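Listed below are the structures to be examined.
Next come two complexes built around chain A: one with chain B, the other with chain C.
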Partner chain A sequence: MIEFQHVYKFLGKKQVLQDVNVTIPDGAVFGLIGENGAGKSTFLRLLSGIYQCDGGKILLDQEPIYDNQRCKKQILFISDEPFQFFRSSLSDMKQFYSQWYDIDEERYHEYLTMFHLDEHKPLHNFSKGMKRQAFILLGLAASPRYLLLDEAFDGLDPMMRRYFKQVIAERIADKSMSVIISSHDLKEVQDFCDSFAMIENGTVSTSGEMNDTLANIHHIQMAFHEEVKAEWFNQLDVITMQIRSRVVKLYVRGDEEKIRSYLKTLHPLVLELLPVQLEEMFIQSVIHQKEVNCHGI
Partner chain B sequence: MKQLLLTNTELSYVNYYIKKEARLGIATIIILALFVSGLLLPAALVEIGLTLFGGQFDFHSGSGWESMSRVFISVCVLAYLLPLYLFRFKMNRSGNDLYLSLPIERKRLFYVHYVIGLFYLITISLLLLIGYSVFVKALSIYQITSAGSFSYILLNIYFIGLGVCLYTFFTYIVIRCHNLLDAILMELAYTLLPLLFYYALQALIIHAAEASTAYLFLGFDDASLLNMIELPTAVLSIPTQMNLWMLYYCSYASEAVIALELLLVAGLLWIIFAVCCFLGARRSFVRIRSEQSGQNTNAFFTYPLLIPLVSFLLLIATQSEQLFSISIIFILVAYLLAHFIAYRKISFSIRKLLLFFSLAASSFLLFISLTKTNLFGALKEVPKLENVNSFTLEITQYDANNESPQTTFLSGSGSSDEALADILREQAKIRDYKKQHSNNEFYDQAYIVRFQYDSDTAEQGFIERTYIFNQEDREYIEARITEWKKNNIIQNYTV
Partner chain C sequence: MAYEKAYVKWYHKHNQRILVTYLMIAATLIIAPQLMFPYDPQSSSMPLALSAYIVSALNLLMALLIPLYQFRYLFNKHSVDLFYPLPMKKTTVYWLNYGIGATLVCVPNVIFFINVLWEQASYAYIPYYLLMMTGLVLFALSLYALVTFFVMKCNSLWDACFAAAAVLISQLLIVSAVNGLLRNAVTELVNNGGSAYEFFSLSYFEGAQPVMAGFQWISASLNAFFHISQSGGNFLTLWLQESTLNAWMLIYYLLLLIGFSDWACKTYVKRKGEDSEQQTTSKFIFPLFISLITGSLLAYNITDIAYLCFTFVLFFLMNALAERKLVIKTKMIAVLAIYGISLL
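Let's turn to the complex of A and B:
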């Protein structure tokens, strides 16, 4: 199990992460979501020991990860722009990784066939998507305990995404491998990940088991006789709120019955519960945050 | 000790890396072999380059030496390039992502890459040396006698060792830099720095000596300050050490012993320096903040130190009445340009300008202090009586048109205390007159007066002071000469 305990990180003078507390369980797919520049890649680099945190601790089974060979042996990080040697092929990169990780040759060749990749072709002749496939393939063949994928499925076609998801699901099932991915594709994260963390303004705003968390979040739409006032909802744990004159859309965290009974006391004309979409919640959350920043609400 | 040995995984990685780069290694050997054999670069260019860097070679007296120096140049080139190649991964984000996420402690990762560099450096150097030796032996270019064999082996070990020290130093520099361009520039700057240091101090001393004394040439005999800056140069300059080895290898016993002593001192200092660099490089590598890769380099030993230091050296090098006022503008432009290169943006801050002008003021103050104190007492224009044994006075007369180079030759000599005291007094008078009346310029000379003293204390065994008297001084100097004749200071008289 990986734990982030009160982690702070500055890049130059900019504070990228502040007081991050997250637990990443074993044998699951963990999704990191957030705006561009929210700190997802920094989170993964801290986790893989590339960056050192400026405050707090990052522990793997209670041991600090940074500059710890034993911990790092269990983690493999594939960045959004993986490093490749001059004129190297996938086979060359496999040779390199096999110096440090136990590459499963049988699986490696199996995946090569599955993904139709030529291991001897120079990587610089690969398209962006093929390069991505090649490195994810290497990561999977290396079978680390934690596979970290930055912008995991960026540039992959839908077929390849499906294949990879399938392979990852198999590997998680048979070897207790955990995959930690960062992605902009929230629909995919919602479908694919078991747990997630949403990073906003350097902090983790929402995290936990995907199903439990989403079950505890409610997307509510209401209409009133008069103009809606924000303070009516002060008693609720509101994640985002979008007011349009007499109509309001809310993402609220908490017990559904309690929320419903409270809202009824406001005598709305219409009160309906909509399906919760991570993507919609994320967008509303970002908009809400920007409004707060602009107007100081 | 155990920590310094590589583990099996690390050794396997070293093995893998060397195999991976085998083609590049072979290409390097071929290029360097072509260079050593003289097929890549003409001898004249190598000779000019070495001379510029402080070497004074006479390749004709030591046949085969030119090729040998090419082997050592190759070692230096490898020492320069290897750290750039081996640690280039830390200069960009994706390289950091790959290498710093590997399951190896940073300290060990540094060792592994350092060892790979050492392997390349030593192997390629040995191959070049063996190839060179076979080539020389086969063509009988240079006879390696049995007596010379030991010094030949010693010489090779010394220069490979020096290559290792240089490689360690450049490794430190490269690790302190955040991007490849800065690393290349910093290596280049540190290669040229000793040269600039030497020439700048030499220029300062000569200019200060010219300004503070009345005689014409700053001779070796009284240039103890010059000697002081030549010693560190001998240590730092690799071409100078090649000179010393040539002296050791080709000279008579007494010179060879001095050369060897100097080389051993230099070697010891280089080893101490390399150990410090190794520890510094390891420490810096462990503390790398990988988020800084690709950013501007701001470590103290890079731009923040070099820009003011190089500016200061340039300022002191141009300290003379004719040069300073013009050169300060050029140096200021270069100073601002260097800041632009360092920070990749144009920035004129008051702090930077204040620093520059305080450097200029300091260089001027240093020059004035040297001038007013006769180079902090190191320069004695009129020697002390107890330091001289005998003297010779030579006077050369020119005609009024300054066309006939020499019409009259007068000379005097003496060794008694009384005669020596007289001549020292006369030299002091001449000095005072020269300081008040004229400068030393050739175009208008009427007389050249040269005082030469035999001395046990002077490095060359003699002290020499030469004064030029122009046509306007003719009356004064002729009056002095008449008095010298009258007082028997001039005893011989030749026409």
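Let's turn to the complex of A and C:
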């Protein structure tokens, strides 16, 4: 299990992460979402031992990860722009990684066939998407305990995404690997990940099991016979609220039954509770944060 | 130990072409004088002497270039993403890269020694050649350790190249500056002029610069060989007479090698993964070298206007490299003024 305990990180003078507390269980597909510059890549680099945290602890099975050979052997990081040696091929990079990770040759060749990649072709001749495929393939063949993928699926075509998800699901099913993915494609993250963390302004604003978290957020639309007042909803944990005369649209956090029973006491003409997608939740959360920053609430 | 062996094995395989090319070029340069000049008992030391100077020059060049090659992965964010997560301790990675680099620095010396063994006429002098080689290797490795330390303090390849070049240039400039200052002092004191060397023993000072030590060392050794071949005698006594680089200086270089190797390792371990994305801010790089180079140039000659203009332009260019933009700050003018006033 991986734990982030009160982690702080500065890059130069800028504080990128502050008081991050996250637990990543084993055998999970963990999604990391956030705006551009939120700190997702920094999070993954801290986890892989590239960066050292300026405060707090990052532990793998209760051991600090930074400069720890035993922990780093269990983690493989594939960045958004993977580095390849001058004029190297996929086969050369496989040889490099095989010095430190146990690459399953059978799986490696199986994936090569599945993803139609030429292992002897120089990587600088690959397209951006193919290069990404090549390194994800290496990561999957290496089967580390934790595979970290920074914006792995961004730039892959739908067929390749399907193949990768299928392969990753197989590896998770046999409990040999946990995957941590950062992505801007929230539909993919919702579809694929079973737990997630959302990073906003360097902090983890929301985290937990995907289904449970989304089930705890509700999109509510109501209409009243009079002008709506914002203070009617003070008792609720409101993420965002949009009032237009007698109609209100809310995103609210909390137990559905309790929310419903409270809203009924307001005697609305129309009351609708709709399911929330991850993308909606993300957008509303960002809007709320911007409003907070703007008005200093 | 398995990972260390794996790293060395991978390094050898990945760099095979460049290693073979290096070996071939070094061997060609070192052995060429033996092939170009026929063996002559009267001047038999000449081809080997030329080879020895070539070895010293190669030592210098490799000591400057190899740290840049070995640690170039530190200056690119993407290569840092590859190397830093590897399951090896930072000290291990440092010593592996450093050790491989040190071995490469020694290559010209090994080639030269094999060449010496090939020359039948040199058989009698093998122990003396060994002594000469020991010194050359020590000077080369101490310069290598020095350059490695400064390279560790840099955050970009350009800055590291500047630091390596500055290590070389500043040593030469400091010697010239001291020479210039002492010459001016002698001129003031003696009225009818004179060389600083007539009044001061500068050879120890020059010998303390790794860049110059190798050439001094060879010169002394070859003079001692020549005297022995002409008139016999004890090599060590003759050699000590010729050379100011005696045992104490060798200890100095050994301490330099050990000290800077260890300091470079500590600097490497303290380096952060994000350093490759930041500007070089260490006081050991631009502030130190800009001060040394500018100060030495001004100390050498402060009266010639054209020379002064050149020095000021160089000063501002070095600051432009440090800041990554052409900028003239009040602080720079003040520093130059202080140099000028103190020297005048």
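Operating definition for what follows: the second predicted complex is superposed on the first by the 285 of 297 C-alpha atoms of A that agree within 3 Å, B and C clash if a C-alpha of one lies under 4 Å from a C-alpha of the other, contacts with A are read in each partner's own complex, and residues count from 1 in each chain.
By our rule, contacts are C-beta pairs under 8 Å (C-beta built on N, C-alpha and C of every residue); 3 or more make two chains touch, one makes a residue touch a chain.
These numbers come from a predicted model, not from an experiment.
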Clash or fit (per the criteria above) of chain B with chain C on chain A: clash
First, second, both or neither for A:Glu81, with chain B first and chain C second: both
Partner chain in contact with A:Gly39 - chain B first, chain C second, else both or neither: neither
Touched partner set for A:Pro268, first chain B, second chain C, both or neither: neither
Contact residues of chain A, present in both the chain B and the chain C interface: 11-12, 45, 48-52, 67, 69-70, 72-73, 75-77, 79, 81-83, 85, 92, 95-96, 99-100
Residues of chain A defined as touching chain C within the complex: 11-12, 45, 48-52, 67, 69-70, 72-73, 75-77, 79, 81-83, 85, 92, 95-96, 99-100
Residue ranges of chain A in contact with chain B within the complex: 11-12, 45, 48-52, 67-70, 72-73, 75-77, 79, 81-83, 85, 92, 95-96, 99-101
For the chain B and chain A complex, residues of the former touching the latter: 9, 12-13, 16, 20, 89, 92-106, 108, 286, 289-291
Parts of chain C lying in touch with chain A, wherever the complex brings them together: 3, 6-7, 9-10, 13-14, 76, 78-82, 84-90, 272-274, 277-278
